[in-house]
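Letters A, B and C mark the chains in the order given here, with residues in each chain numbered from 1 onward.
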Amino acid sequence: MFFWIIQRDLLLAVRRRSDVLTTLFFFVIVVSLFPLSVGPEMNLLRIMAPGVVWVAALLASMLSLGRLFSSDYLDGTLEQMLLSPQSLSILVLGKALAHWLVTGVPLVLMAPVLGIQYDLPADALFVLVLSLLLGTPVLSLIGAIGAALTLGLRGGGVLVSLLVLPLYIPVLIFGAGAVEANMAGISYDAHLSLLGAFLLVSLVFAPWAIASSLRVSME
Amino acid sequence: MAINWYKYASPASFYILAGKMVPFFAIVAIGLLIAGLYIGFFVAPTDFQQGEAYRIIFIHVPAAWMSMFLYVVMALWAGIGLAFNTRLSSMMATAIAPTGAMFTFLALWTGSLWGKPMWGTWWVWDARLTSELILLFLYIGFMSLQAAIDDPRRADKAGAIIALVGVINIPIIYFSVQWWNTLHQGASVSVTQAPTMASVMLTGMMIMVFASWMYAIAVILKRVRIIILERESHTAWVAELRKKGAL
Amino acid sequence: MLQGINLTCVRGDRRLFKEVNFILEAGGLMQVHGPNGSGKTSLLRMLCGLSHPAMGEITWCGTSIRVLGGEYFANLTYIGHLSGTKDDLTVLENLRISSALAGVRISERQASDALTHMGLNGREFLPAKVLSQGQRRRVALARLLVCKTKLWILDEPLAALDVMAVQLIQELLEQHLAEKGLVVMTTHQEIDVTAVSKVHLRLV
């Protein structure tokens, strides 16, 4: 069931490739806006880079949340999912994972290219990728709770950002912190372990919260 | 004396009970507030380090405490409402949110007023102030979610889920911000740090804390009464109240 | 088998219906009648367990459906207003995925047989977005053929269907009822289905 739903969502994403690309280009554009607004001073940009890339990743993954459940909600598939004899928590975990594969992974792969724009050294790029790899699934999982709660509400897109962005803060702090620590020559192990811990905690709690939110929203 | 608590779990009887309780808590709140402010501003001695500016703590500290307590209390009521499907508990949670947000805002405002003479800026990214700001975002998220949902039952349940997710996250957020703060600028002077607090200062502050509690209870009960009326407007007992001219 | 006890439905401030009682035995058909806005769809969603009654209880074989959870869903096929077809998937993929969601894995062969039965042969590999409203409905109804569930809950199954398809659905329902299945449905169209026991529920 878990794999079925991932397979289905990936198939849908392949049929609608443009959706994946818009998120990715949004990420690229936001990151590229910063040098234009603060000036091309390389030293400044290098300091800002981890934060800028992480904030942009946060926004990009948040923007794509709208699609996570809304199309299934509009065409009635979500009703069928709620009536599935399988566990709804497993099902939504599959959906969140598929969302990460479609939106999170491209961000992770794109990040080094953007890091080069900001003149990040090679090992900092490596840490950036690692931190995004651990952090972006957490964003998908927490974001899915917000997406499920705001299902079918007017102004749902803006509301989702109000609900979800404050909850993203710990991931942002440790994600960007890992890269900064590396650049400052300090060990970044603790940051990554904490990101890993966040991932485990959200893997345990988020599916339950997403499933109950969906039931509440569909009632 | 045995009190039948279940009787007050129904909105109709709680409405009447709350109506009797509101004036009591309001009067106590005003009395304590006057006493607390008098001690804080006239009796308590001037701080040898911070001068007169420190007196803002008589408002700042109770507000900051209340903002955090109220979020937990709100999540607790919301959680009870979600688990046991009790309407009144969910209404309590909805009623607490604006008061909690008000205290959070007050804590931020007074913190910034205190920061100007102390640090020379209106705002510093101090761990506590930053956490308080994030707490304000959480309150706003809860309230906007409930406001966006038309069906009150769905609003209750959706609010409960986001409040519970928030309450799990608050320690994580607080800890993260603390870590972030120490990494970036070293420990800063905290607003509440007062190594040798004169006992009269402590008395004044505790009185203000109690005043805040009483105020919060009075306002929340008043708000719950309004929410009950709004939600139960189609029921017989509200119609009866209307007929008696009690509304 | 399926029983509703004192069901009350509240939507916002409005009470749609109260104290609805019924018992439906194996092989029984229940038709829900009522004007628009009387709560027919709300009742059906309630019977599915998608929403909960403000008061009252729904039982399946004597046990509350809230207790049964997934066990109840395994016995149930619900076809609502929304057909649940994905525009970007082909007709065949739609059927296979929707039955997998219901816990039934079917081969491509079974799926295309069911689609042929529903009069969709030759359209298996078309994306669902080119289908008409009636054809989408047929795709959704094809699920009834592949998921051998006991209880069918159908919300306006005949909407947008042509005479031929209505005939087909009627046969399908009769066969299901003859095999001791249960059907709960709403419809504004007249349909004459023979069944061992028939219940007419009128909501006002």
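Here is the rule we use: a residue touches a chain if its C-beta (ideal position, glycine included) is under 8 Å from a C-beta of that chain, and two chains touch if they have at least 3 such contacts.
For clarity, every value in this text was computed on a predicted model and none was experimentally measured.
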- Message: Quick check on this structure: which chain has its C-alpha centroid closest to the centroid of all protein C-alpha atoms?
- Response: A
- Query: Where centres are the averaged C-alpha coordinates, which chain has the largest centre distance to chain A?
  - Reply: C
- Separation of mean Cα positions, chain C and chain B [Å, integer]: 48
- Query: Distance from the CA centroid of chain A to that of chain C, rounded to the nearest Å?
  - Reply: 37
- Using mean CA coordinates as chain centres, what's the chain A-chain B distance in Å? 32
- Task: Among the residues of chain A, pick out those that touch two or more other chains and give their numbers.
- Result: 219
- Flag every residue of chain B that touches chain C in the complex, lowest number first. 150-152, 233-234
- For the complex, which residues does chain C have touching chain A? 48-52, 70-71, 73-74, 76, 78, 80-89, 93, 97-98, 100-103
- Item | In the complex with chain A, residue positions of chain B that touch it | 134, 137-138, 140-141, 144-145, 148-149, 153-154, 157-158, 161-162, 164-166, 168-169, 172-173, 175-177, 179-180, 183
- Touching chain C in the complex, chain A uses residues 1, 4-5, 8, 11-12, 15-16, 71, 74-77, 79-87, 218-219
- Note on the structure: Touching chain B in the complex, chain C uses residues 11-15
